[in-house]
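Some structures to go through are shown next.
Common to both upcoming complexes is chain A, partnered first by chain B, then by chain C.
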Partner chain A sequence: MATAALRSQVAAKWHESFSRLNRTEPGITGLISFSQAWNIATEYLHPRDITDPMAVKKPADLASVKVAFDMINRSRRLPVMLETFLDDICNQYHLITRDIQKYLAQYEESGDTTVMLRLVFRLVEWFRAWSPIDELGPTIRGAYTLTFQTQLFSILPPGFVAGFKALCASTLVPVAQHTPEMWDAFEVLGLTDRYEGIIASVGYERIEEYVRETCTGKWDKPCLEGLRAWMTSQIVPWMLPMYAKGAVNTEDARGMLQNVGSRFDFHMNKTLCDLRTSEIFDIIIDFPDSMGALQDLKECLQRVDQRASLVQALRKANRKRLLHPGADTKLILTQYVATIRCLRIVDPPGVLLFKVADPIRRYLRERPDTIRSIVANLVGDDDSGDALVDENEPIQPLQQLEADDYNDPNWDPEPIDAGPDFRTNKPSDVISTLVSIYDSKDLFVKELQVLLAQRLLAITDDNFEKVEKERRNIEILKIRFGEAALQVCEVMLRDMTDSKRIDGHVQSQKASIVHPTIISRHFWPSLESSDIVMPGQFQALQTDYAKEFSTFKPDKKLRWLPHLGTVHLELQLEDRTIEADVPPLEAAFIELFSDKNVWTMDELVAGVGAVDRTAALKALITWIDLGVLKEDQENTFRLLELQEEAAPAARTAPAAIEAPAVSAAQQQQADQMRLYWKFIEGMLTNLGALPLDRIQTMLRFAPGYDQTPEQLAAFMEAARREGLVVGRDGMWKLNR
Partner chain B sequence: MKVTVKHWHAVAQWRWDTGAAEPEGNDAENEDVCGICRVPYEGCCPSCKMPGDDCPLIWGECTHVFHMHCLLKWIGTPASKQQCPMDRRTWVTAERKVGTA
Partner chain C sequence: MEQLTSSLAPPRPNPKPSVTNSSQQVAGSVAKRLTNELMTLMMSSSPGISAFPKNDGNLFEWAGTIEGPAETIYAGLTFRISISFPPNYPYVAPAIKFDTPCFHPNVDIASGAICLDILQVGRTPRVFVALTHDPTIKDKWSAVYSVQTILLSLQSLLGEPNNASPLNTDASAVWDTPEVFKTQLMKHYRPVKDAA
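Take a look at the complex of A and B:
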């Protein structure tokens, strides 16, 4: 069927092939010799089972093999030869698979990395056994390696990766002996390239482990230097065989390691940064003993962009550990100040601080005693000695926020991660920062007055140094708050000295055991009013002194605040004498008892004018504790002229004096609100029931009204408790 | 029993003896203020910082009382015509007779 042309074509082809194989040999001798050569070559190349001692390649006659290859090459049959060879490898690969499975099973059982190492070396053995001779040229070798590796990777089970990783890790801890050969083996099998990520992760994990081991909780010194040294001495030698293979000298090696080295260094920084971030709250607590950790953190943050996570971690820790009702305001303030100091070290521009401080400040603003705590600290009121303010810090005026001065040659733009309402609080001092929690410093000044008043009134005239101490305090505070704001305090202090002077004069005219502090009423915080009338000899003492005073200052007169101050008494009873330092109310009561031995509560209260029953009871209990009085029946008190058995032993120690008689700023606010009650009463009378916001709107017309709706609501609530108003469905009306 | 007071550290406020009846209670509202600066007598006039002897009162024969500094400033202005700002009578400073005014 074939056409003649086709036939001739086939013939030509056949002839050509024949002549190629037969070369120019006569007959078919060429063909025969080629076929022999082919057999020798394939026999030589055939991938053998190295586990079978029978099949182990006989030391073939290398010379004849070379001749055979040469002949095949000359007949241009080498590519076909190669193809057959590679096919053979694929077909024989089940041998290797079997081996791998055997080793892996063994490894999984024992977990011993040396098994893995043996596996790797075994694979290399296979590789070497099957590898063609080098004379065949790099192309064939390359093709072989590629096929071998492709096959290998395709059959490696998932378990191998874990084992491989463990093997790498095992080389890390003590620098192992077999390292160079092992890395060579990896290289031969192409494992280095393929599992580069895993090898690197081994390094990373080692770094993490080491950092955690050595740096956790060690805050006093910077760790970064030590870690770097460790990296150089431990990790770099480990990396050398892998990443700097074939480096001829250290210079060369350094160049090769630069890339991977900086990756490892980055990882170390990141790990340390993460660690410090998780510890940040405790680091701040430990400040200033945690300077080292803060410096580390600063350095790490420059390398690693973890600022946001630091802020988050700290905010979370603050929320969880600091800003809750269980924490003392003083504690929060201390921690806040420590936070300021710490974050200023870590991040001088203050962006981190701003972000972290915001929730703390907001929380502090809601606490009622924040101002009091700050002010108490300002005047050194706390006994713990744990002052917020560093003694060495220079005292400077409170800083107000300034607009950016663009003419300043040192002006810097805001940091890149600053929020929209970020304000650079330049090198402002801690007190300025604390005061700026509130919108105005007036609140502080008010609280300061209250506190000063308490402290001044508690000073008895025999230790006048205390007044001097307060004066020094005020002088210092003047620098901060300004002269004008503290004018009132100045008057208070002058009242103290004036009192001393006046008292000196009065005493010289007519000695008296009364030593009053005479105050200027508008310059002291409103003092709790009281309607006590001092009985008996006290009254007489007061009158005498007031008369003497009026003689000295003819245009002035005294108005006693009988509930303030202290009295030092001596009680002469039939069998004993008791001395006591007591508040005036106590003194008044005991004075009453000098007339008559048994009094009822009502009589006592009437005897000193009007006094709150709880206060009266408290005063009487003081005497009961001292063993002077006894409550026979309820509300009936009897003087114990003779000490009774049941009564506790009479103490000559002065009773504790307490009760700061000055109302707090909060109380003052309530008093101020009382003024507006008149308005509220009026509008509720005229307009009937009103909702809260309506009341607020109308009160705004009143001069000086500055309460927030919340404050008004609290006030109305208080009024409701007093039964003045009733509130229903958000409407308030007078209760009548 | 005999009670002996050894020492009494008392607290008192000073008041100007204006001769007016002692206002009842401590309330700020019903308290005498200077007719010129509207600051209480026991406070100080706007130009002073220290109350009391540094910023005394002045009594007129018309019985009106002012901070001395306030009144002198007023009298110093031509518009005052040397009159008491309250009743427009010519201002005559009263001789203070203690306890009797």
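Take a look at the complex of A and C:
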């Protein structure tokens, strides 16, 4: 039931509304004129289909429209008007959707970015067509733009993004002419803000592509400068219309570009850094021809924090490509040295190097021939000529790792990413680094002696230049290892000169064709002794020489090592003469053949004392190859006084006869184990059966005992297999 | 953290040497000598003689083993001995006794004490080294001797007893009759056991 109050209230409202619309016009003329104005305005604003020529907006009478709007505004009906207008836009948006779909279908078919460009321009056309006049004020215009864009983004199909990206990219190479209009269109449609990420990614992708294109595999010169220039000339102009659109002068533009520019620059650095990281192994191989790449990497790493990934990549590459049984130790060393040099360029404090080098060093320590390779390289015994050590590098003494010097005014804290066991190795020379792979340099010195011995003994025929060369080497090495360590080598070299002098003297007393090298047993590495007894004339020659020697040096006695050395032979057979330089064993065998023509293997071996059968066979095969001997039956050899047609070789030489000489390191290991065994033997003899842990603690008495209980257990197990000990109930005792 | 503290702290000297006194230094040098002797002995591989510290904490008490020399009446027998080094070794001879009962003219069958010239010490006769009756062989011990020389002397003593100054007169009495001697020897002999 409407009360009177309610009635009056409704009436008041009604009257108010009426008076607002009717204004002060008499009757309802105000109402009518408002209605007309409303119609004109809505008609004007109505979003039309611009594809339909019939619907094309009539050239509106702007004056009347303005009047109409003015009236609506005065009646304060403008918000309602706007609402209606925006609703209309939403209702009419299907027109635009249709258009977009048409263009996109066309684009997807052709892949032509100009279609996308046309689409964008078309959208702008729609936007402009529907846009209300500016006179309506910024509020309405803003509302319109917002609605239009919201609608647009809501209906844009996923395919649009891809097309849009392609469009942006198409403007980048080469910078297209239509760019400013396009950017304007983007701006109008609000695409710039919405798809900023995509636009940026276009830039990023272009940078990545360009970096890969121009820098992959090009390590000789730094690329970074060129890339920066390229960025300035190519990317910055492209960025200008988007990121610096309001700029009035270059100063302004620079300020606007600073933020985004540094992002792009970072991306360029990162891309280059990633690229170089993936190539780092090959870059190191190419060193020093890859200096440019390393400098780039250094610069990039300062900008981009990719150190960890560089270490990871290099360690992975090393593991995959370097630290496996297929790689030659020499190669690993070369690569290690190159790694040292390269990473010192990239990271002078050496944290990266430390992290990368650690696995390499550990691996090298396990290789049996590492020391040999290093030492061979030290003395220049390298066929490849690819010395690890740069000859221009000054020779300096080995550097010992030093504890921190607390008084060092130039002390720097360790780099932030240094591990707990990082040791600042001051840029020391390569040899020091290599030697420090092992805990002591003694191993090197020992190996050096072995190697020197081999090289000195290999020198034949008064080739004294070689001795001099060795002397030079030793002098250089003395600087590194110290005088005392190389004293033994000094004695060895002295033996060489002394031999020559003594030989000269002995020869002057009684000429002999034997020219021995006389070595001091205590100073030379233990040479494997041999039981060869030289037969026939050789024996006589040796005895004569020894007699002459002992008159010259009465307090000394010669002990021959007949398996070393070479013999120059001239064999006079019935139909031919053969000259040959052969090892003594070969000479000994052929000497035996001067007694009788047919020998069996066993007779031959007996004829020269004790000799290994494989070695004997090898010596005989040498003669068979020379056509001097022939194996008639198995193990029976006949001297061919008359040359025979070369029969097909009955046997091939057994492979790998010459076992490589035991390296000093292995030798030392074996010596150590022998020593421990003596101690174990001693304690088991005197203390009876002992448990393993007791043996372990008792081995404390053995100097330098460093084996773990597990190693000891394995050792005892090995001894048990040899039948030296028996183990029962965890107690070990000697097997007697 | 540990790294930090350890690098901050100056390297601290080992606290032990601060309480050094002369006797410890002496003990150190004796231990060193004994270690060297052990090393020499282990590496020498003289047949039939051997010795080793009884436990890992004490270098001054050794156990030794002597095999009877071939072609003597002791051939094939093994004797265990104890060697006890004085703190002022090697200026004073070690005390040595047979653990395995040894029927020998110069060895006391009950205590294992040995009468051997180089083990004599002039003014300070040791408990289980019996005084020799021969005044000419005094002060025979010298610092240049070592465990190895002692063991070698003992080994040769087995085959060539000094019957002039017997400790075991029964043994010296029957020395010239090997059959009787052998019977007596085997009556007292106990094979060395492996139990430690």
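Heads up, the rule we're going with is that the second predicted complex is superposed on the first by the 645 of 736 C-alpha atoms of A that agree within 3 Å, B and C clash if a C-alpha of one lies under 4 Å from a C-alpha of the other, contacts with A are read in each partner's own complex, and residues count from 1 in each chain.
The definition used in the following text is that a residue touches a chain if its C-beta (ideal position, glycine included) is under 8 Å from a C-beta of that chain, and two chains touch if they have at least 3 such contacts.
Since this is a predicted model, take the numbers as computed values, not measurements.
Participant: Kindly classify A:697 by the partners it touches after superposition: chain B alone (first), chain C alone (second), both, or neither?
Facilitator: second
Participant: With both structures fitted on chain A, tell me whether chain B or chain C touches more of chain A's residues.
Facilitator: B
Participant: Examine A:406 and indicate which partner it touches, taking first as chain B and second as chain C; both and neither are also allowed.
Facilitator: second
Participant: Can you list the residues of chain A that touch chain B in one structure and chain C in the other?
Facilitator: Touching chain B and chain C on chain A: residues 675.
Participant: In their complex, what parts of chain A are in touch with chain C?
Facilitator: So the residues of chain A touching chain C come out as 403-404, 406, 420, 675, 678-679, 681-683, 685-690, 694, 697-698, 700-703, 733.
Participant: Quick one: in the complex, what on chain C touches chain A?
Facilitator: 3, 7, 10-11, 35, 38-39, 41-43, 45, 50-56, 59, 62-65, 80, 192-196
Participant: Sort out for me which residues of chain A touch chain B in the complex.
Facilitator: Going by the criterion above, the answer is residues 457, 460-461, 487, 490-491, 494, 498, 513-523, 526-527, 529, 536-538, 541-542, 545-546, 550, 553-562, 564-574, 579, 584, 587, 590-591, 593-594, 597, 639, 641, 675.
Participant: Chain A touches which residues of chain B in the complex?
Facilitator: Chain B reaches chain A through residues 1-17, 22, 25-26, 29, 40, 42-43, 49-53, 56-57, 96, 98-99.
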